[in-house]
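The two complexes that follow have chain A in common; it is paired with chain B in the first and with chain C in the second.
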Partner chain A sequence: MTSRLLIVDDSNIIRNHIARLMVDPRLPGIEIVGLAGDGRKAVEMARSTRPDYITMDLTMPHMNGETCIGEIAGLLPETRILVVSALSDKATALRAIARGAHGFVHKPFSDETMIQSLLELMS
Partner chain B sequence: MNYRALNPEDIQVFSEAISTFFERMTQRPARVRTAYMLDRPEAIVWNDFNGVIQVSGGFRGAVSFSAPRGLLTEVLSAMGEAEQSDENFLDVAGEIANMLSGRARRHFGEGLDIATPISSVRDGAVIPTLAAGPAYVIPHTWGPYEAHLVVHLDLIQRR
Partner chain C sequence: MHGGAATNVQHACHLSVKHGAQTGCPDQLWGLRLDSNRSAFFGKYRALLLAIGVFFLLTVGVFTVNYVLSVQLANDGARIKDSGAIRGLTQQHAKAVLSLSHEIAAGDPIQTSQAQISESSLALEAALARSIASAQVAQVAAELALLAKFEKFWRPMAEISKSVSSVEQPDLADVQAALIKSNANNVRLMQLADDLTQLMETAAAERAKNLGTIQTLAIGLALTSFLFIVVYTLRSLRRSDRVADLARAETEQIMATVREGLFLIDRNGTVGSQRSKHLETIFPGALPPGADFLQVLASLVSDETLESAREYIGLLFNKRVKVALVKSLNPLQRVEITADEQQGKPAVYLSFDFHPVFGEQEDGVAAVLVSAVDISQQVALERELELAEERSRTGMGLLVSVLENDPGVVAAFLASAEAGLGEINDELRLIKPGPGSYNMLINRIFRIVHATKGEAAALALHTVTRQAHLFEETLGNLRKRLDLRGEDLIGVATGTGELLEELYKVRSIVDRLGAYAGDRMNASPVTEEDIHHTMQRIQKLTLAVAADLGKKVRVETSLAPLDVLPDAFRRLLKEGLPQLVRNAVVHGIESVSERLQSGKKAEGSVRIEVRQAGAGVLELEVTDDGRGIDAGALRRKLVESGRYQEHEVAAMTVREVIATIFQPGMSTADEVNEHAGRGVGLDVLQSLVRETGARIKLISTPSSFTRFILQWSPTA
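Here is the complex of A and B:
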């Protein structure tokens, strides 16, 4: 069965890095349905593509990740969101979870950390 | 409001962030050297590409990462990125500045409010002068390359 993934980050490099990890055999059947560079675009793409999973940056132009998580959680309550952010304080992680995120990965991340976090998100 | 300049413990947080970045992202350690203080931020020698993060909240100032093309080429390769374009060098320079600033929130807390990065090439480098205190330069080498993190922040002390 295919799972639908939306990748949200204002860095093209990070979006592509996460996308490339989807070829790992431990992450079978993941279809990347969109790449968004800001929060506003992410909400639009989530509405149109209805992803099962989202990786979500927090510091972004136009609409920050926290606001974006709240909007998407309201629109698509079944979608599971993994925050991928450089913001390393505990309060930010707790606030993101309270808004509707399901996990948190700190940048910089190793490939293995990201894969394990996605596996946990999908389990 | 009163402001205070950074102390050595504050600067150490950024040195550790540099080590963590290279270990995690490339699996190759960087050699982080002793930070030194500049009383004139305009004396900074910029490398080929620069990423600047302006901060606000309980702070004023900026954190800037400056690196040569060769270093960024190898960082992109370590991340699996095949496209070695100036656009990607600017992107990764800004993203590294973002990661190093974001990691410092473990020490400073969420009061260190971080903006999205502003990236530039050497000739277009912007010298942030938002802080009144001294700027600190943290030189580091990774393989044959030398890069610099410039931390120019004041902490707002609320009464």
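Here is the complex of A and C:
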């Protein structure tokens, strides 16, 4: 059974980077159900696509990741959320995870780190 | 069981911590689990349960046997009673028959005898029937035989009884016949009844004896199994105590020797009772059991970090959060401990790591194992590495600076700075004790160092600039004092050495670069760019020195086109020119106010000219419109410095007097000028001129100008 993944990041480069990593043979079959560039779009897409997993940036236009996580966690309690953000603001990341995320990967990340983190998220 | 669960936790945790630290791959180890091992419970107590089962079965068996035998004994009693009754009734029956015969023979009215015959006969019949029935049930052959015999003798008696008791007034003859029969059988019946009773009693006694034996045996067995249970229980208790003690001892050993501060905290941040000994070393204030970890932390970290720590620990207890995926958010990865009493000591850094410990059931995290490590050394090492990197960066920077500068400018700077500092060293050795002479020396050194700093800055030799600046600060402090003593000069000597050290680093780079260049040719084609580059550097140096001295200087250049540049003349340009220009700015050009007072323009002029003077003859000329060389002042100075006697100086021509400025240690300037009084530059120039085979010309008019001409000819 394939897992459904939603990638949320305001950077096109990061979104595509994460998407490209999903073909790694160690990962279970992953279907990317959406790419969102801001918080509002992320919540809309989460509602319509009901993903199993989400990678989530924190600093985004329209709605920041923290609020976004809160909304999605309320909407889809089964969905696991991986925060992908810079380490400069640990306090924000901690709050975001407390709002309903499951893990954290700091930017910049290596391919290996991202894959291992996703495996851990899916375990 | 003594603290079994707690012991297990610490074992599991410790091992995992170690493991994680070694492999650096703690992902699988983040979740520690309390191991309850329920199936082992039954294995451990199987023998005990078996013993209890045996004890129970034995007890039930004894009770059953006891009950059965008691019932049998009760039965025996009833039969013995019946058999006794049969004997008595036989007797009673015989007596009644006798009484009846007497009553009838005497013609007396029949009283109770007839009824007694009937009653005893009926009772005997009943007892006999019971006895036969029970003997048949018990299947006792001897008994049945006796009873059959008894019945054989009794049956005729029973019929007689019937015949005499069934009529109201029996015949005497019938009664007497019955009496005869009764007497005849009575003894025999009595005998048989006695035999029967005895037989039964013997059997009962046998049975009772058996019961006793069985009871004794059963009680013995029960006691044995009870004893076994007691002994076994005691032994296993002792064994498990030993195991627990061993585990506790191991835990204590681990806790005593592990080089980490280990302790558990619960959901509220309360510190558990078990902790490693090392924790006391790390936490001078200690974390007593029951203390609030976050409260202790509050005095060590900023409010912001504390808040983050609170949130982070909260996340660890959250079942949803993947602990391995939030590790990088740990706000206590590096904590600088700033205890008040540690003022002045090097900073202490602690690193806290958190490992959740899961409860027995799937009910999430029961506690968090905290491991605190003193990482001060590691941090210090990182700092050193950073410094080393910084140093290698500055070394690189130094090389780049040297390469970017004109080699001659750098060489001239090094020569004068090293000479100046060498002089300081000499003077420090030779100084006459006394605050006055100390102060004078310090002032002199200050000026030299200040000038070195300015020039180094102009040449972008930052390491030298920095060192000179540090030294200058030390000297500045000494300059303010009027009570200088000999020991104050120690710092000056050290500072001089350190500055020389930095100069030496530059020198070694210059030397190595020189070694690469070598002396491959005597002359090389000269390009416009080459000369212009040199001039640009010179201009930069001039302006830097002037700015440092608060003077205004304009540099003018006049460069004749040259086809080739002989090596020797190239050296004059690169090493001599900076010296001449510096000399012109420092010694020739007056300060702005001095110039204005003398009716000159505020801005002084330094003119540099390179020209061809005849076949192959090259000249470098530097002219400044400064104060010129005052022969009179020079004469006074020669006497004051103690180099010459007054009469000697008086005998010298002006030319001779002026020639002394090329002597080592001589200066053309007043002491008033802060950057003068070094007496180094022209000495160096003199050597250079000698080495290159050039000639030096000096023309000067006091208060008007000074002109140096370096002339080089290939034939010289």
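Assume the second predicted complex is superposed on the first by the 120 of 123 C-alpha atoms of A that agree within 3 Å, B and C clash if a C-alpha of one lies under 4 Å from a C-alpha of the other, contacts with A are read in each partner's own complex, and residues count from 1 in each chain.
Criterion: contacts are C-beta pairs under 8 Å (C-beta built on N, C-alpha and C of every residue); 3 or more make two chains touch, one makes a residue touch a chain.
In this text, all values refer to a predicted model and were calculated from it rather than measured experimentally.
Q: Will chain C clash with chain B on chain A after the two structures are superposed, or do they fit?
A: fit
Q: Which holds for A:Ala91: it touches chain B only (first), chain C only (second), both, or neither?
A: both
Q: Who does A:Pro61 touch here: chain B (first), chain C (second), both, or neither?
A: First partner only.
Q: Who does A:Gly103 touch here: chain B (first), chain C (second), both, or neither?
A: It touches chain C, and chain B stays clear.
Q: Classify the contacts of A:Met45 with the two partner chains as first (chain B alone), second (chain C alone), both, or neither.
A: neither
Q: Looking at A:Gln116, would you say it contacts chain B, chain C, both, or neither? Reply first, second, both or neither.
A: second
Q: Could you say whether A:Leu82 touches chain B, chain C, both of them, or neither, answering first, second, both or neither?
A: The answer is second: A:Leu82 touches chain C but not chain B.
Q: Measure off the angle at the C-alpha centre of chain A toward the C-alpha centres of chain B and chain C in the combined model, and quote it in steps of 10°.
A: About 70 degrees between chain B and chain C, seen from chain A.
Q: Does chain B (first) or chain C (second) touch A:Ile13, or do both, or does neither?
A: first
Q: Please state the minimum Cα-Cα separation between chain B and chain C in the superposed model, rounded to the nearest whole Å.
A: After superposing on chain A, chain B and chain C come no closer than 7 Å at C-alpha.
Q: Touching chain B in one complex and chain C in the other: list those residues of chain A.
A: Looking at chain A, the two contact sets intersect at 87, 91, 106.
Q: Help me check something: in the complex, which residues belonging to chain A touch chain C?
A: 82, 87, 90-91, 93-95, 97-98, 100-106, 116-117, 120-121, 123
Q: Which positions of chain C touch chain A when the two form their complex?
A: 27, 304, 307-308, 311-312, 314-315, 318, 320-322, 324-326, 328-329, 331
Q: Considering only the defined contacts, which chain A positions touch chain B in the complex?
A: 10-14, 16-17, 20, 59-61, 85-89, 91-92, 106-110, 113
Q: Using the touch definition up top, name the residues of chain B that touch chain A in the complex.
A: Touch list, chain B to chain A: 20-21, 24-25, 27, 76, 79-81, 87-88, 91-92, 94-95, 98-99, 101-106, 108-110, 114-116.
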